[in-house]
Amino acid sequence: MSIADRLVELDIRLPPVFAPAGSYEGCVLDGNILYVSGHGPISGSDFVRGKVGHTLTIAEAKRAARLTGLSMLATMQQTLGTLDRVERITKLFGMVNVAEGFDQTPAVIDGCSELLIEVFGDAGRHARSAVGMAELPFGIAVEIELIARVHD
Amino acid sequence: MSIADRLVELDIRLPPVFAPAGSYEGCVLDGNILYVSGHGPISGSDFVRGKVGHTLTIAEAKRAARLTGLSMLATMQQTLGTLDRVERITKLFGMVNVAEGFDQTPAVIDGCSELLIEVFGDAGRHARSAVGMAELPFGIAVEIELIARVHD
Amino acid sequence: MSIADRLVELDIRLPPVFAPAGSYEGCVLDGNILYVSGHGPISGSDFVRGKVGHTLTIAEAKRAARLTGLSMLATMQQTLGTLDRVERITKLFGMVNVAEGFDQTPAVIDGCSELLIEVFGDAGRHARSAVGMAELPFGIAVEIELIARVHD
């Protein structure tokens, strides 16, 4: 089954590609390794913002991590032409905009990790860190960057 | 000398492999590049937790970074079969759970860097960042992730 | 035009190579991938230090990010012999030492990203994250690490 068909089956529609918020690219393909820039959670026309553990619950933050994953997939599809070129999601770096004392960051980033496994199956299983940041751009709740192996 | 013999010589016993605390893998092998997920300092049956510069001294935190390195080695050995397959430790990203104003993060992460050089010799020498985080999972004092080159 | 000539044309003089502040290397070449360790902003004989949004303005911090880029270029030139070996800047991880509530981190790291594009042209365009840290080593205002593809 193609990833496009799999997304339909999962009732997942990818959001518009997010235009980089500065002098950088949304992702860079280095040979067969794709480096996806830090993305945030876009919901409709705005970001999901806030401090997790204070203005956002863990469930809201986990959903923000899933939205972040969807935004990364949109960027990857645009760069690669098709997500069928993804051979393996290698690694995530997951960053949570934390209120003081909030240390359940792995449960938040699981929202993105689980999405990638739903979409790519075992090829979506990846290495990861999931940590708490002092601040993220524009006050977004979650930021995630990703490395993947792709084929031609 | 094999790395196993070297560990005996150094009187180092690796801890049990830590089971990932979420929907991710402890490490992923991409061709000949091994991406090791963020690991923490395990001491006996618990983590070393706390804010460095407040509830932990720099010496305690440096030892926590060494324990984190041992946990990464245990994961690498399980995935690779033998640590003799490690050709080079390429890069660390070292994260310290800091109290406000604690900026001696390189001295903390040296606890892991020095371990890797003890174990692998010059092949253990690596690039690195060593920075201060707002929060780490479960309040652990240190989290480190790693990239290594391995052979078949 | 060689990169050395390009630097002259841009009136850029690289600073002295910064000696690593711990048990690590300034950068590591893994085949054709160069991993540059976290560098900070050196101005004359000292670092640019402070909390962005409190003791430093955004303009001062953006200049610190540019200085950080220059320090990375000095390290890369020493390791590679010549910056002409740089084929592509692949990825940055940009870390800003933030005061509470400062979330304009992309505008800060642009100071480094724009430098790399000035120096390398399109080959300087890269993937990136630009995030806010609780603390950085020695209180530096900005720390950046980098991955580049190089040729022999």
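Order as written gives the chain letters A, B and C; numbering starts at 1 within each chain.
Rule of thumb we're sticking to: a residue touches a chain if its C-beta (ideal position, glycine included) is under 8 Å from a C-beta of that chain, and two chains touch if they have at least 3 such contacts.
Just so we're clear, the structure is a prediction, and the values are computed from it rather than from any experiment.
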{"item": "Chain contact graph, described as a line, ring, star, complete graph or other shape", "value": "complete"}
{"item": "Equivalent-chain rotation between chain C and chain B, CA atoms, steps of 5 degrees", "value": "120"}
{"item": "Gap in Å, rounded to a whole number, between the CA centres of chain C and chain A", "value": "25"}
{"item": "Overlap residues in chain B, where contacts from two or more other chains coincide", "value": "133-134"}
{"item": "Chain C to chain A touching residues, read off their complex", "value": "33, 88, 90-93, 96, 98, 100-107, 109-110, 113-114, 117, 125-134, 147, 149"}
{"item": "Residues on chain B engaged by chain A in the complex (per definition of touch)", "value": "21-28, 30-31, 35-38, 93, 95, 133-139, 143, 145"}
